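Presented sequentially are two complexes of subunit A, the first with subunit B as partner and the second with subunit C.
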Partner chain A sequence: MTRAGLIRLGLIVALLVALEVLVKIGRIDALTMQAPHKMALDLFTMLKSGKLNKAIAKTMGNAGFAFVIAVSLGVLAGLVIHRLRRLRETLDPLFATYYAIPVFAFYPLLILLLGLGDAPQIFIGVMLGFVAVVVNTLNGLDRVPRVLLKTARVNGMNPLETALKITLPSAAPYILTGAKFAVAYSLIGVIGAEFIMSTGGMGYEISFAYNNFDNATMYPLIILILAVSITINMVISHWEKSLLKRRGLQ
Partner chain B sequence: MTQPHIRLTDVEMTFPRPDGVGEGIHALGPIQLDLRHGEFFAVVGPSGCGKSTLLELMIGLTSPTKGSITFEGQPINGSCPDGIGVVFQEDASFAWLTVRDNIAFGLRRMALDRREQDERVDKALAMMGLVEFADAYPSQLSGGMRQRVCIARTLVTEPRLILLDEPFGALDQQTRLLMGDEILSLWRKTGATIFLITHALDEAAMLADRIGVMSSRPGQLIDIVETHWPRDRDSRIVEQDAFGAVTARLWRSLRVESMKAIGKKEASS
Partner chain C sequence: MSASTRRLFANMGWLTLAILVLWQGLYALIGDIALRSPVSTLQFTAKFITTPQFVTHLTETLKAFVLALLIAVTSGLAIGFLLGLKRFASEIFEPFLIAIYSVPKITLYPILLLIFGLGLSAKVAFGAIHGIVPIALFTLNAVRNVKPVLLKTSRVMGLSTGATIRTVIFPSALPEIFAGIRIGFSLTLIGTLLGEMFASQRGLGFLLMNAIGLHNVDVIVMLTFLLTGFAGMAGIVLLLINRRITAQV
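Take a look at the complex of A and B:
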C-alpha cells in the first residue's frame, strides 16, 4: 500500500475508534448514534435474518437498471451528439448547467406522469446519471486522434464499425469515468426518490426506521449502501486505471 | 504495361481558410505525375509544402479542388480503393490492442482463413523486429517501434501500391538504414509500387528509382531525379560515388525552396 493509502486507512480507523469511544463514554447518546461495532453486528444480524432482503433487492435492482440505461443511452447520445456539430453547440451550455437543477423537485410531477410504481424512481436515477455519461463520452470522443479516423476511412469502415472498433475503444477510459459517476448518481436518484415517496426499498426502510427510532435498522442500511457504492466505484476505478496504464497515461 | 499504376493530372488543392473568408490556402499543385507499375518513387520537399496533402489526395481522403487521379485506370473519388495501403505520418497504432492484434487489424476484415492471417502476422512481426513485443501494448514501445507496427499493419494486407508518409521520422539513423533495407527487400519480393514521402535526402537517394523534388507551398514537382540503381540494391549503396551525385543534385534543387520555407532569401545567405 502507498504512503497516502496508509494515511487514509489510519484516518478512517482513528475516526471509528473516536466514535466508539465517544458513544461508550456517553458523549454521544445511543439514540442518536450507535457505536461502530454495534452497527457492524446489526448489519450482520439484519442480513442473516433476511427480513430486508426484499427492500435491498428492489433498490439495488432499480439502481442497477437506472445505471445500465444511463450508460447505454448516454454513450449512444454522446456518439450522436458528437457527429452533429450544431446540436453539440446548442447542448454544451445546457450540459454545463445541468447539475444546477434540483432534479428531485420534479419528483411529484414524475409520479403524476409515471405512476406510483418503480418507474419514477428509476427515471430520477437515469436523469442524474445520463448527462454525466454523455459529457464524459463527448470528452473521450473529442480526444480520439484524427489519424485513427483516417485509418478507419482508409479501411473502408462505415460509421457503425468505426464507432465500435475505433472511437469507442479509444474513448473507453473517459466513458468509464462517466460510468463511475453513473453508479453513484443512480444510487442517489433511486434511494433519494424512495425517501420522498414510495412504499419500499432501502431509502423507504431507512426513513421508516428513522421515524421509529430504530437505529438497529437504520445504521446497518446506511452502511450497506456506502459499502455497495464504494465497492462498485473501486472496481470501476481499478478497471479505469488499468486501461489508462496500458495506454501509458498513468 | 503502358498504363501507369497511378496517374495525377493537373491536381491542385486549396483549403478553405478556417474563418471561411478570403481566398483559401493554396496548399498544392498543379501536379502531374505518373507512377509506373512496381517502381519505387520518393518525394522530398520542405516541410509544409503539401506532401501529406498529396498523399491524402491519392487515397481519396480529400478530393482535389482541381484535376483528377486514377488508380489502375479507375478514378479515385471519396474512398480508398482496395489495393492501396497507407502508413500515415502520425502514430496510428491502436492503444487498446496488442502489437499482434494491431497488425492483424486490417487482415481480420479480409476474407482469408485464420491460419493464413496468423502466418502473415507472424511473418510481419519477424520482418519488423517485433517478435518479442507481439503481446505488448503500443504504450510500452518507442515511437519508432510503434511506427513499425503501423507499417506491418499495412504490409500484411499485401497492397499493390504502398504509400508511406515519413515512416522513419522517429527512428535513429542506423535503424533508418536497416529499415530501408527491409522496405527494399519487401519491395522486391512483392513487386508492389512504393510511394515514399521523406524529409531525408539520403533516404530518398538510397531507396528510390525516381525522386520527385517539391517546391515550397504551393508544392509542385520542380525536379524528378532518376537514380538508375539496380533492383537488388541495399543500404551499402551509400558508399558509391553515384549516391553522392544524387544527393548533391537533390540538395541543389531543394536548397532555395528550403530557405523559402524557413523564410530566408537567397541573397541573405
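Take a look at the complex of A and C:
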C-alpha cells in the first residue's frame, strides 16, 4: 500500500474511533448517531435474521434491472446516434443540460401512468443512467482510431461485425466510465423513488425506520447501501484502469 | 452571435418542438387521467404562478437553493484549490471525494435530518453536499493541470503565492472550474428539491408531494413543466457562459 493509502486508512480509523468516543461520552446522543461498533453489530444481526432480505432483494434487483437496461439501451443509442450527425447535433443541447433536469419531478407522473409498483422506480433509474451511458459511448466512439475502422473495411466486415469486433471493444474503457455512472444513478433513482413514495424496498425501510426513530435498522441499511455502491464502483474503476493500462493510455 | 451559438439556438428550437409534439402525442394516448396537454398546462401555469400560495413555496425553495449553492461553490472552490496546490494532500483525499461523488447521497438525508432537525438547514445541507463534490473535483483537476510553464513564469517574475493564484492559476483554470460549477448548480438544485420532496412542510418539492397525495394532476404537470423548464433554461445559459469563457482562454 502506498504512503497516501496508509494515511487514508489511518484517517478512517481515527474518524471511527472519534465517533465511538463522542457517542460513548454522550457528546453525540444516541438518537442522532449510533456508535460505529453498534452499527456493525446491527448490520450483522440484521443480515443474519434475514428480516429485511425481501427489501434488500427488491431494491438491488430493481437497481440491477435499471442498470442493465440503461447500459444496453445507452450503448445501442450511442451506436445509432454516432452514425446520424444531424440527430446528434440536435440532441447535443439536451445532453449538455440533461442532468440539470430534476428527474424525480417526473416520479409522480410515472406513478400515475405505471402504478405504484416496481415499474416507475426502474424507469427513474433508467432515465438517470441512460444519458450518462449514451454520452460516454459517443465519447468513446469518437476516439476509435481511424486505422482500425479502415482495417475493418479492408477485411470486408459488415456494420454489425465492425461494431462487435472493432468499435465497441475499442470504446470499452469509455463505455465503462458510463457504466460507472449508471451504477450510481440506477441506485440513486431506485432508492430515491422508494424514499419519496413506495410500498417496499431499502429506501422505504430507511424512511420508515427514520420516522420511528429506529436507528438500529436505519444505520445498518444506510451502511449496506454505501458499501455496495462503493464496492461496485471500485471494481469497475479497476477494470477500466486495467483496460487503459493495457493500451498504454495511463 | 457566433455561428456555433446560432446553431445551438436552432437545435434548441427543434428540440423544444420535438418535445412539445411528443408531449401532445402522449396526452392524446393517456388523456386527462394522468396528464394535461401543453396548452392547458400553460394556461394553468399562468394562472397559478400569481397566487400567494405559489409565491410562498417558490421563495422558500429559492432561499434554500441559493444558500446551498453559495455554500457548495465557496467550499468546493476552497477544497479544490487547497488539494490542487498540494499534491500529496490530493493523493490522500481525492479517493474520498470520488467515493462521495458516486454514492447515492439520498441515503444520507435521514442522518442530516437527525443532525439538523426538520427545516431549512437540513435542506440546505443536503443540497450543498450534492454540489460541493463535483465543484471540488473539477477545481482540483483544473488547478493541477495548469501548464507548468505558466507557474515557472510566475516564479521567475517573483509573484507571491496569493498573486500567483489570483493572476495565473485562477484565470487559466477558470473554464474547467466553471464546468464544475455548472454541474454543481444542477446537482444542488436536484438535492434541494429531493430534500423537500422527502421531508418538508414548505417549498416546491413539498407542493409536488402534496399534489400527488391529492391526485391533483394540474399541479403535478405544471410543477414538472416549471422545474424542467427552469433547469433546462439555466443549464443552457450556463453552457453559453462556459463556452464564452473557454473561447477567451
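Criterion: the second predicted complex is superposed on the first by the 250 of 250 C-alpha atoms of A that agree within 3 Å, B and C clash if a C-alpha of one lies under 4 Å from a C-alpha of the other, contacts with A are read in each partner's own complex, and residues count from 1 in each chain.
The definition used in the following text is that a contact is a pair of C-beta atoms (placed from the backbone, for glycine too) under 8 Å apart; a residue touches a chain by one contact, two chains touch by 3 or more.
For clarity, every value in this text was computed on a predicted model and none was experimentally measured.
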Touched partner set for A:66, first subunit B, second subunit C, both or neither: neither
Touching partner for A:156 - first (subunit B), second (subunit C), both, neither: first
First (subunit B), second (subunit C), both or neither touched by A:124: neither
Which of subunit B and subunit C A:148 touches, first, second, both or neither: first
Touching partner for A:226 - first (subunit B), second (subunit C), both, neither: second
Touching partner for A:55 - first (subunit B), second (subunit C), both, neither: neither
Contacts of A:247 with subunit B and subunit C, given as first, second, both or neither: first
Partner chain(s) touched by A:172 [first = subunit B, second = subunit C, both, neither]: first
Residue contacts with subunit A in the superposition, subunit B compared against subunit C: C
Those residues of subunit A which subunit B touches in one complex and subunit C touches in the other: none
Residue ranges of subunit A touching subunit C (in the complex, touch as defined): 2, 4, 7-8, 11, 31-33, 89-94, 96-97, 99-106, 108-109, 111-113, 180, 183-184, 187-188, 191-192, 195-197, 203, 206-207, 209-210, 218, 221-222, 225-226, 229-230, 233
Subunit A - residues contacting subunit B, complex: 145-148, 150-151, 153-157, 166, 169-170, 172, 243, 246-249
Subunit A partner contacts - residues on subunit C that touch it in the complex: 7-8, 11-12, 14-15, 18, 30, 33-35, 88, 91-92, 95-96, 99, 102-111, 113-115, 183, 185-187, 189-190, 193-194, 197-198, 208-209, 211-212, 215, 217, 220-221, 223-224, 227-228, 231-232, 234-236, 239
Partner subunit A, residues of subunit B touching it in the complex: 56, 59, 61, 79-80, 82, 84, 86, 88, 90-92, 94-96, 105-106, 109, 137, 139-140
